[in-house]
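Next up: some structures, all given as structure tokens.
Shared between the two complexes below is chain A, which pairs with chain B and chain C, respectively.
Entry: the complex of A and B
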């Protein structure tokens, strides 16, 4: 965890990482990011000639799932190699230092790499009541983010909490949780949502930032290489959706035959992520392949977007209750209107005066 | 507001408000209409008018040979619309969620067929309305608006399903919003006929019957 400005080539040698393993890393990253084979070679060349990039990782309102994802996906992992390519100068869970020494390491890294370090954030930032709901070393998350972001070259928001507010932001959002992009507006921000994100997605984006700079992003700041398609677009069960073959319960014949899970609440059609292609646990499977619908964890406000087990086409604000209440109110208003109509008709009849020919000036 | 927030709004508050407005408005209008009653018959009533009421409902629902093209197009789009609304599987789940009744749905390719058919038929009715002099004179802006709010859900639904136009999330949100626009328009426009058409036909038929005119 100490500062290391050596070139990466020397560091790889010191760690005993063979050139073959290193090229394998670059090729796999290039492949998942849909880079051309030539670019994977360029990535390898660039990585060995760059200084180890200083990275400060701030963890705010989070569950450490994002760190668990990237470090414990499987061992030994190509993904974990990324930690050998960067100088991770500050990370609560992974650093050896604690207390004042830890904070000193952060301040030292900020000072030594002013304007050059990459800031990674996982967790949302509480801003209600001056941000008192989450503090580190006596400093609110809000203050720490603003202080560290000021001299960062770029910010990578990792996980749905840092990118969109995530679970802490779920209604009624007691801490006033917001995302990094809600606070920082003057720095490039790469959003890598997911609860947690796929390990290789985090690694791939970091490798891309180290070598080619910031990857192409979509309207929500997500790298298009990983978030360009929806789960539904790439789902192997898609043909069943098109044919209208749906599992009705998790243990019926349709479920056993692997039919589409739309009716069981799958949010794959509106969820953008690479789960269906890259998959999890060393490419073993992903939630839909395991028989459960996508819960849409990489989209904003997924926790409040209706039940996980209700079809995407259903309402989220209980329209049935609204319909019943409106029927009752409409009936009451209708009866009131009928009464008013009747009484005004009765009044008109009461006031009605027949007109005779004499009234009109004629003679009978 | 990003696309998923737009979708969440459309599925949440948007749908709730549209549902409330539609049910409130329709109930109010139906009760108002029924409470108006009949005008006093000044001449002797010839018949109860029940038979003629039912006959009128039937007669006005049968095609006319004279305007067969227009009538056929109207039939196609009305039937197509009903099929798409009530038998597209995602829609059936919405109805189950709101009313607690589930009747199952039809495969997507059948729904797709009816959608295309309905879109084509609706376009024909628009063109016919515009090019036929008598229909054009009779048409007001409200008629074209009623056509538009009925047409939009069909087109946006088709586009969302086939991943045309915007990305799916945005198109789905636009589709749901267009349906909500239709739901709001129903009680305040001639589209109220979705619930009043049988009442109105029965009333006309029975009135004629009471006055001695066969439907």
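Entry: the complex of A and C
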């Protein structure tokens, strides 16, 4: 059936994937996207009639973790299927071409698919000193983003760097790193934060764009389907929070019993992401399941949010104000022990007592 | 590569979620009977501990039908002891559970053969009979 060659239906046929298998994949992706089962079936029907989509992927100030995440989804999965199906016309980490040939591929794709291609960006864009801190083929990231964004149908910003500035933006932000949305204002931008984002979230969004168009976004441009709930909302340890059962240190009875990690600095209540349901490493687990609190990597400025081991109740929004506010409020639980850090650590060594999280917090 | 098997077990006591799901199931089954409305509950996205899931599965029990789909990665589907309530588990090729659903319906949707698959089967069948001639 040559007529299907350029469609996903043809790809499925070529790979010998039955529609039943495909429906199964769509069901699982639909469930993580909070689509109703009826919608998942519609998605399966629509996806197979989709034409090969041109995608240009620009990597700016980033660590390649986002690309690692999306390419490490094990085959065969819908993630890999969608990712294999799109025509990735430019991705300087993955493409075989280099130098002028690579840049030519980008320009060719921009020309051939003018107004139709999807632009994926990972990494932040340095704008200080005219953007000299990061260049590709002699062109600043700033110029390249503006040039490629101009004729894109939509932009997908993947990772916390592209969506919020991420680690490059961490104080004192030496390169003047900003997000995609800080620069581009006239195109639909879908933000997929996370450090890195969950693979299926990236491909799920692509699948949604290909079938139903731009997904419903929240105030920060994030797809509600994946970022609508907090980690805390969907955490299997949530019932312990509700009962007030908290681990107080990483090796106490509560930690061993799998109680809530809120007091150990878990940022689950203020972090919007799908880790608690989709999980990581092919659905193996997510950080809280490994006994460590969420660090909130998909939230803006998570790196500067005042310490991964500070409990939220002591205030983490502004590390500068944190100390004085906590002092003023007399919320000394974490703080007093921070001052006592040195002595408690020495005592712990002496008595072979476990070093508590307050000790660690005090150290930072 | 298999992960290292560390002898650490995090206890996951039941939280009462199983009972809550039972109430929901009863409502959906009534809808199915009265309005032929099918429904799916996504177990994967509910904040249930492993003992909650175990408890729910024990409560629902096994019915008369047990189906294995040999798709890429297996799928196990069985009707619970409560007719019209099906438990569905989809696995990847590496036998990782990717989704777990409870479908309230007469026949789970994924069981039905898709017209495109039938079309392809017909083409294959025809080419088979052509070569035999």
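Definition applied: the second predicted complex is superposed on the first by the 292 of 364 C-alpha atoms of A that agree within 3 Å, B and C clash if a C-alpha of one lies under 4 Å from a C-alpha of the other, contacts with A are read in each partner's own complex, and residues count from 1 in each chain.
FYI, contacts are C-beta pairs under 8 Å (C-beta built on N, C-alpha and C of every residue); 3 or more make two chains touch, one makes a residue touch a chain.
Since this is a predicted model, take the numbers as computed values, not measurements.
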Chain B versus chain C as contact partner of A:23, first or second or both or neither: second
Contacts of A:46 with chain B and chain C, given as first, second, both or neither: neither
Partner chain in contact with A:32 - chain B first, chain C second, else both or neither: second
First, second, both or neither for A:150, with chain B first and chain C second: neither
First, second, both or neither for A:306, with chain B first and chain C second: first
Contacts of A:291 with chain B and chain C, given as first, second, both or neither: second
First (chain B), second (chain C), both or neither touched by A:258: second
Partner chain in contact with A:224 - chain B first, chain C second, else both or neither: neither
Doubly contacted chain A residues - partners chain C and chain B: 233
Chain A-touching residues of chain B, taken from the complex the two chains share: 2-5, 7-8, 11-13, 15-17, 19-32, 35-36, 89-91, 93-94, 97-100, 105-109, 163, 168-169, 172
Chain B partner contacts - residues on chain A that touch it in the complex: 219-220, 230, 232-233, 241-244, 246, 262-263, 269-270, 299-301, 304-306, 310-320, 322-323, 325-327, 329-331, 333-335, 337-338, 341-342
Touching residues on chain C, where the partner in the complex is chain A: 3, 10-12, 15-17, 38, 40, 42, 44-45, 47-49, 69, 71-73, 75, 90, 92-94, 96-99, 101, 103, 109-110, 113-114, 116-117, 120
Chain A - residues contacting chain C, complex: 9, 13, 17-21, 23-24, 27-28, 31-32, 34, 36-37, 41, 48, 74-77, 233-236, 238-239, 256-258, 276-277, 282-284, 289, 291
